[in-house]
Amino acid sequence: MATPPEFPSETATVLDEVVERVRPTAERGEVATYIPTLAGIDPGHFALSVSALDGSTHACGDADVLFSVQSITKIFALTLAVQVTEDHLWERVGREPSGDPFNSLVQLEHERGIPRNPMINSGAIVVADILLDKCDDARATLLELMSELSGAEVGIDEEVLRSESETGTRNRALANLMASFGNLHHPVEQVLGNYFHQSSIMMTARQLSRAIGFLANDGVDPASGKRVLSASGARRVTAVMLTCGTYDAAGEFAFSVGLPCKSGVGGGIVAVVPDQMGICVWSPPLDHAGNSLAGRKALEQLTTELELSIF
Amino acid sequence: MATPPEFPSETATVLDEVVERVRPTAERGEVATYIPTLAGIDPGHFALSVSALDGSTHACGDADVLFSVQSITKIFALTLAVQVTEDHLWERVGREPSGDPFNSLVQLEHERGIPRNPMINSGAIVVADILLDKCDDARATLLELMSELSGAEVGIDEEVLRSESETGTRNRALANLMASFGNLHHPVEQVLGNYFHQSSIMMTARQLSRAIGFLANDGVDPASGKRVLSASGARRVTAVMLTCGTYDAAGEFAFSVGLPCKSGVGGGIVAVVPDQMGICVWSPPLDHAGNSLAGRKALEQLTTELELSIF
Amino acid sequence: MATPPEFPSETATVLDEVVERVRPTAERGEVATYIPTLAGIDPGHFALSVSALDGSTHACGDADVLFSVQSITKIFALTLAVQVTEDHLWERVGREPSGDPFNSLVQLEHERGIPRNPMINSGAIVVADILLDKCDDARATLLELMSELSGAEVGIDEEVLRSESETGTRNRALANLMASFGNLHHPVEQVLGNYFHQSSIMMTARQLSRAIGFLANDGVDPASGKRVLSASGARRVTAVMLTCGTYDAAGEFAFSVGLPCKSGVGGGIVAVVPDQMGICVWSPPLDHAGNSLAGRKALEQLTTELELSIF
Amino acid sequence: MATPPEFPSETATVLDEVVERVRPTAERGEVATYIPTLAGIDPGHFALSVSALDGSTHACGDADVLFSVQSITKIFALTLAVQVTEDHLWERVGREPSGDPFNSLVQLEHERGIPRNPMINSGAIVVADILLDKCDDARATLLELMSELSGAEVGIDEEVLRSESETGTRNRALANLMASFGNLHHPVEQVLGNYFHQSSIMMTARQLSRAIGFLANDGVDPASGKRVLSASGARRVTAVMLTCGTYDAAGEFAFSVGLPCKSGVGGGIVAVVPDQMGICVWSPPLDHAGNSLAGRKALEQLTTELELSIF
């Protein structure tokens, strides 16, 4: 393997300065507490990793520390579903922002079991159901995809998996409600087992900024040159990230960050800069909408200073 | 045991005439179809049974045919809960009409897992949870109470129980949602097991019109003279029946029937005439609100002709 | 005119004791503040008036002080509408409890401009629209009815009328929303003019306990012997009071008071004891649901002690 | 004035072919019928105009026919509000997709009179209120801005204005509801007068594709070189267009078109291609979400063929 090219030093300097500036704002957020493993995380962790399409990466802080990616997995699960069955997918899950807290049952009941989009829990549960149909071993297939894209052996945190499964009453409510409308094709507990497995995946910021690169590169993994999605498929997944990827703060992110992003309650956020780079920022304390507080600040500042907004 | 007194013959004549008149209207309704056992019921069944407080009963039609009482059990489960723990009960379930279809999750989410009242599914699931705490064997205790009040050995339909449990995704959604708000104290499946057991009870119209008599008699079972609830306790259960007992048609029933009623999707409806009698009518085809169509018509006509309205 | 019979002295004693006991609880409530005239009311006012069907009345406290009856007028407006056009009435307004705060637009939008019942603002605005059609002078006709039933010249408070009209943005929102669904037949401002006029009526507790008597007397005004509504019409209006008369505390009132009641934000509550009496209690401080706090306590205690519950 | 440069001929050919292909799909839509002037429009009109930042324009079909721009004006009104008072603006209107039909009151009530975003009617009414504060003559100032940007004298259709005002009960409901929460600072009818005036503006597709150019050009009007908004202000308005500009089909537009768009019920849609061009398409028949059916098809095809998506 050839030595990767060097990351542009002026850009690296800007990134380092942004990290210095936003890091203290994390104190105003709160780490997720619904499962013990997340509640026990050190709130002082901070990582920023930016991977250019030429393979060069600039990483700051704890960019090599594994963390619970949580909902960020939803992008990769959606990618897999688009690969195997795009048409049927969109009959069973919508593509509109939810306009409601991320785990709301109201809209799901009103819209007869069809989740608003695949970035909220209910939609990702439908995706998990679809993958059970289309993959011999859905859990292994997803881990393989994420390992390949990140260039690392990706695994799960067994303790998070156990906690998710034990405390997942609200996800059980969502899944049973969808089942009552006929929008799950496998037994509820089997689907949830797959979904909880996805939520328990551990990765580093460096791995994620690389893994997300295919969405910035018209669907082709920049590292391997292999096509993951068609160009239009990649654009569509990216569009869904922008309008739906950050719970009910999607409008706010578009407005102030201007990039397609997906966040997780573990404090990670990935962002796509079309034709340029993949970004991952990680800081566990969350704002009231469930997005990493300092992570969002970092993205705001770096898109402004580097003029990365897609608008 | 002494011969029971005779039922007044003029009243009996009115009842027979009402039955003749309303029976054909059943054709405009639809039997419940969500479980096969209910879907397979003969829609032509019709029964009316009226039990005066002196022990006399007038029964018409299929008054000795067992049917699935379904939600009618909710009154007896509530009675048991009021007996054992009235105070804590009303902290965990409300007393207001739901204003929404009977199994809606919207209100439950909005009101943070506290069901509107114990006559809707979510509220009855909380009652089932409470009884698990307060009774050594909640299923047996409830069957004993209902057997004692009806003067018959009351049992369940195993096939209905199995079907309810297999198809109960919506009730699972309700229960898990309440569990996510901390309003269930036992494991979801254990609570649902008790709840589904309640819904599977079989009784006849004659048994039900007698069993409900204590609510018309200030809380004392007219047959045995034993106190079931305090006078005020009985009045409060009756008030909840009136405002909440017929899904989202409670206002309509108060308006057109004028009696506290509780209906079940098996097509049964019980009604209480304070200080006078207990009534049970059974006709499987339901109206759009889930209440027996001809049953409701019968109650409208007999309260009008016999001037039984409480208003 | 013959001297009215004397009110039973033991009942009078019970009433006086109830008043003594509940009066201090008013301190825990808050007077309505949305218009200055109501906000400026002396919170220490308290009145209880009970009128038996034989014409005897027992009045305590400020029973001869005029107060703003506000929503209590809705009963008399509904009575007038039932007189003139019952059938069409129920196509344009429902009979179900609202299950939501009394001025909510949510349900109104969801149900396409058909208000839940005539006891909430939206429903009363539809009634005001209907009366414009059916009466030559809707305002005068309503005042005449209320004057006749109360045996006094009933008028309005011009200052309240002005305030209601100036601050009535929420009622304007309700009326315009219904107009957008085609459920108002006159110009919005004309309908609201009539509605605000109704809300500005002033009466005393003594007048109200008498005026409501026809609902306890099968539709016949006990004082004049004149029929106001058919017996079944009166029962139906009373049923609507029970299920819908106290905003979203109707279940609570049925449970704890056990009588059909209608309250107003001026602090008045009227209650009907079928075949026995009309009751009015007045104490301006309200509970969180918008009902007179001490008034409700008084009704709870007197129905318990005098065993007046309809259940 | 110098001759404008020529529009690239290959691009022009693609545009012409797209128009040919999508034009017939208009038959599957329905023109807006809520006001007579819109209902009477010839559904066969079709226009596409594309203005590059160098001043060259390619126009097809009825690109010089005036039509009712309706909600498209919301972009220019928002631009004016951002110019004069950005900070206070975002305290009174949100930036999130609504997730509900465009004129829903539900969310507005739930969120206490703060509209979700300035692209829906309620949000635009707040903007109209703000402009009354900040401009001596809000109507004239807006017309001036739009005239300047389009290089034409922009005016209104008096008949549309009259119709809007007469039939605007739903907008009156929205405005009164916001007033009840204190989120309008001027009298409701004055604010609505300004809002209805905005909705009555007439423009051509050619004028609109040019007028929208400043949003593709970092806030600078490409024709005059004058700065209309700061670069970041322009990006933010464009972000709001993308997430909120097409009623509750914003996710769908992002997914299938991939450009920030704003539509009006007159059948017009404008789209911004950052750093490249402004687009306007016009075809009166609407899809179920209220967006021009053939207009949307045209945008889908031209972004695909010309690879204009921002993702």
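To keep things simple, chains are lettered A, B, C and D as they appear, and every chain counts its residues starting from 1.
Just so it is clear, a contact is a pair of C-beta atoms (placed from the backbone, for glycine too) under 8 Å apart; a residue touches a chain by one contact, two chains touch by 3 or more.
Note that this is a predicted model, so its numbers are computed, not measured.
Distance from the centre of chain A peaks at C, each centre being the average of the chain's Cα atoms. Compared on C-beta pairs in contact, C-D and A-D come out with A-D as the pair having more.
The distance from the centre of chain A to the centre of chain C, with each centre set as the mean of the Cα atoms, comes to 56 Å.
Computed centre separation for the pair chain A/chain D is 32 angstrom, with centres defined by C-alpha atoms.
Centre-to-centre spacing of chain C and chain D amounts to 49 Å, using the average Cα coordinate of each chain. Contact with two or more other chains is made by no residue of chain D.
Taken together, the touching pairs link the chains into one ring where each has two partners.
For chain B in complex with chain C, the touching residues are 94-100, 107, 116-117, 232, 234-236, 238-240, 242-244, 248-252, 254-256, 258, 260, 274, 304, 309-311. Residue ranges on chain A touching chain B, taken from their complex, read 104-106, 109-110, 169-170, 172-174, 176-177, 179-180, 188.
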